[in-house]
């Protein structure tokens, strides 16, 4: 028997090592160890003031920090009975989309794309395909600019607080950004075409698929949790009762199951569950590349992210339009500090993110709980690797490694998030 | 100087007229406070303001300013032009006009500063009369009055403005944009009365006699240690002061490392690095020595050169200082016998 | 004061390109740079007095005030003796002959050469303080017949830090200069004095009524040297000191170089001791 | 030969590395000045044996981190610590208040759970090795980072500011939070972020650490006058600075 280790899998956020045991040319075992040390976030919020919790938990992840921040804020708003204005909600959706644009562009171009052209990183591409790299940077920048416009900076936004926003962009800047979004739709479309043109492995996951769903909206900020195979919808406040989390010995990331099955979250489950609410341009893009939905191929998560870019650009332009017309205020609403508990979920770029908190009468946090998208995906990813590896084990070693890594990267995992 | 009268309801005409040829800057509301900013519509102009957060010095000597662009390879200046748009600052109080004249001594005196000069030359100043606030003490320095250093000055006589016209350009602008009439005797009388009332509205009279001498005589007074213990070394006082002009200069490279800009930024004598030289030697290591230096320089260093103190009593520093250190307190303590 | 800034540039902050024409290693940390301003008319107009300084500019790094070490009588070139003390000086030390740097100046008040003429001179330098004094010494040397007795006291920490040793070794044998060198920490090769410069005052004989003093060195040195000069009976207003302060502009604007109620850049760096006595925190 | 640069992440949220990729406008220019020898986030490949500049993000939370840092220190001629985690311990160091075992039990439950990866109490890299440059903040400010990187490539000194935030806050014409009856840590926090939060309406929470020039004792007194107890101030200040000694007294 021989053992192959792929240390520090590159081009993913965080540190992970894949171990493959091969016997007589057959894959005996394959799994990924998350070698991220424990981070104690759920414990570190305990004893801090409630309004510091979003500051703390947003430091779980530098890429989807807006999502952590907002999910945390929403959960605390539930705990303290705070209702926010419609304007605030739209601003928050824009903030979420900022991280979509940023994350998807980074993942697709910087992290995933090099695999398809056989390069170690995106940097050599700058010489051979400068247009592609420039497009990547443009879309990514668009996301950063959106997060900055609404939140004040691209990582760890500043302005979002319980009850509203501490500051709002000038209308002039909103108008300019709407125009930038409209101009970016071509880049988004080109991204779909690029990823649509790549050959993908034929592979199907056996896991369930979960995502937030909402009848009238592509649910990223609100909604219920929906299950693709089981067909149910449940309020997110019950997340602890439908997601089982367990500690696994070899890793500081916990593993999750739903109804005893491993499951997947992310762009693919979202589109599978919410295809009907995709905007017209995104639906067109989906048709153009001929992806049949629902799809059970996790490799298609990349393509689905690209489709979401198209959707995000169009939708954000629409939101800005609404903001410019609607009036209303985002000034944080007043509220009383009292003991309570609350939980909330949003769709982070990589999948559904749950936060839950309890605070005491002084507003001091007494318990915190977070389930990140990657933590939900890990068990399914392990299962997929076991199912997928045998089909590529005959490839030369280097190609085998890349094939396995490609599967891992298709999940767009954030290992530092998964340990939190 | 000659005098005109303008009805108050003509003010918008004047502002709108000026906006045609100039960038008009004036006090506008920011929350509960005021800032000098571009006036887009006449209603934005708030001539009833108390004082602005930053003084108008920011318009001549910005907090951060590019001095020149350079190329590293051959150590060459690529560009050191200053572009200064034609501007009118509308609504300066006498203290702020006086402060600009004190800045002029430094920046337009020996070794003229081209950046300051360009902005100064392209800017017209329109002053406006004010009311004393709790913090101001301009009466102590005689900077509650201003007789030159402006183009036009408006004194608020209730229903009309008494306009002092100092420069030809000021006169031309008035003629061009607004209907005014000559001041008659009753106007002049009202103006005199206004001035008397204004002078009388100061309740506090700061004794500033012997100040330079006291600063030397009480150089080692424990007063300074007491102030040093309180001072936050945050530099807020220097930033908001209309007469503080110290700056730092740094080179910033562009990302490619080939070109860059030499930038100057406001600095403060309250920072430890201010008087530090090579090998860590620092001529003003202690907080007490730094607090002292600010007063020493303003009330004596500058005076020794220009025969004026470098303070116009605007009270901004007193308001900005969280530790509550104010010139009024310091001067009084010195006059009253230091710390004792 | 220099006429340059007005006649030759509208912008006194803008440095003139100058070429490094020679570099000499003096010690491990100090080098002597000879420079030539490239523009002919600027170079010709660049007239200075001993004790004045320039702002040396290396774009991308910054500026540093440096005293001119060469004598005004040396035309067309200026010499800067520079210790590697940080960013700008460190970057200058990496430059090579032929490289271009920027210079602004000359700035400040130098030594009153005209007033000093016809008198005896007592020059006291500590460490790098020899840099501005060397300009004065060389100037006196070039006008030697205009001066009476010239005494030079120069101290450094150890022999390897004695600057311009090649020149002083030559001068030691001349009888028109009295030159005494001293170090705090001698080595085997050291044949001169040992101890602080103040010790050397016992060894010299001056006519206090007819002597001008000039002092430049580390800040701690001034008080002690002045005490000795006063003990010898010299008048306070015939003693000149040169101060080093942090500077960002060199032209009396940035405020960093305040000494008491004066600015070291335009009121100094050379001050008459009688004036300096009235400057708080000066000495 | 351009300087060889490696980027290494220890325990962190990668936020500062993400922030590094966020200088899109300048990224390609910067890359032209260096040889990027290793950046796990962006590229396959292994950490090389030799390099000149190491950019290190994150806090130290395992023995492996310590060993890695020592290796880096022995190899690199300049180390740049980026982000609050690396410079002051930042958010990860919150786990140093209370016992690590309790934190572990809180997250992973009691019982004999296998401790993966080993662990030590989180600390900034500056407590393990000396560094030439520090870019504080959570996350780093991109402008400051590019300037520091540029200084590192030029071999210039660290230029980390020592003053508190209020001066720059004044130049931005913010109305002081104390005038609005709110607590702002800007008056003791190291400047350099352009008072970003304050300008956007949120009091400074101190992510850049205690300023050397700050007068903490005076700040404590004058906050007390405003009804904020010493303990309250210290608790707030510890959010990003649990390990700052001045805040634990």
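Every chain is named by a letter (A, B, C and D) in the order it is written, and numbering of its residues begins at 1.
Here is the rule we go by: a residue touches a chain if its C-beta (ideal position, glycine included) is under 8 Å from a C-beta of that chain, and two chains touch if they have at least 3 such contacts.
This one's a predicted model, so the numbers in the text were calculated from it and none came from an experiment.
Undergrad: If I count C-beta pairs in contact for every pair of chains, which pair wins?
TA: Going pair by pair, the biggest contact count turns up for A-D.
Undergrad: Of the chains shown, whose Cα centre falls closest to the middle of all protein Cα atoms?
TA: D
Undergrad: In whole angstrom, how far does the Cα centroid of chain A sit from the Cα centroid of chain D?
TA: Here the centre of chain D sits 25 Å away from the centre of chain A.
Undergrad: Quick check: how many Å separate the C-alpha centres of chain C and chain D?
TA: Distance between chain centres, rounded to whole Å: 44 Å.
Undergrad: At what distance in angstrom does the C-alpha mean of chain D lie from that of chain B?
TA: Distance between chain centres: 37 Å.
Undergrad: Please tell me the distance, in whole Å, between the geometric centres of chain B and chain C computed from their C-alpha atoms.
TA: 38
Undergrad: Among all residues of chain B, which ones touch two or more of the remaining chains?
TA: Counting only residues that touch two or more other chains, chain B contributes 250, 253, 257.
Undergrad: Would you pick out the residues of chain C that each touch at least 2 other chains?
TA: In chain C, 60-61, 86 touch at least two other chains.
Undergrad: If I count partner chains per residue in chain A, which residues reach a count of at least 2?
TA: Residues of chain A touching two or more partner chains: there are none.
Undergrad: Which two-chain combinations touch?
TA: A-D, B-C, B-D, C-D
Undergrad: Note which residues of chain C are touching chain B in the complex, please.
TA: Of all residues in chain C, those touching chain B are 1, 5-6, 10-15, 17, 57-63, 83, 85-86, 100-102, 219, 244-246, 248-249, 251-256, 258-262, 266, 280-281.
Undergrad: What residues of chain D sit close enough to touch chain C in their complex?
TA: Answer in residue numbers: 154-157.
Undergrad: Report the residues of chain B in contact with chain C in the complex, numbered from low to high.
TA: 67-68, 70-72, 74-77, 80, 106-107, 109-114, 216, 219, 245-251, 253, 257, 260, 262, 264, 267, 269, 274-279, 281, 283-284, 289, 293, 296-297, 300-301, 303-304
Undergrad: In the complex of these two chains, what residues of chain D are touching chain A?
TA: 9, 11-19, 21-22, 24-25, 27-28, 31, 36, 39-45, 61-62, 65, 90-92, 94-95, 97-98, 102-104, 106-109, 113-119, 138-139, 196-197, 200-202, 205, 239
Undergrad: Per the contact definition, I'd like the list of chain B residues that touch chain D in the complex.
TA: Residue list for chain B touching chain D: 30-33, 35, 53-54, 58, 63-64, 229-236, 238-240, 250, 252-257, 266, 268, 271-273, 287, 320, 322-324.
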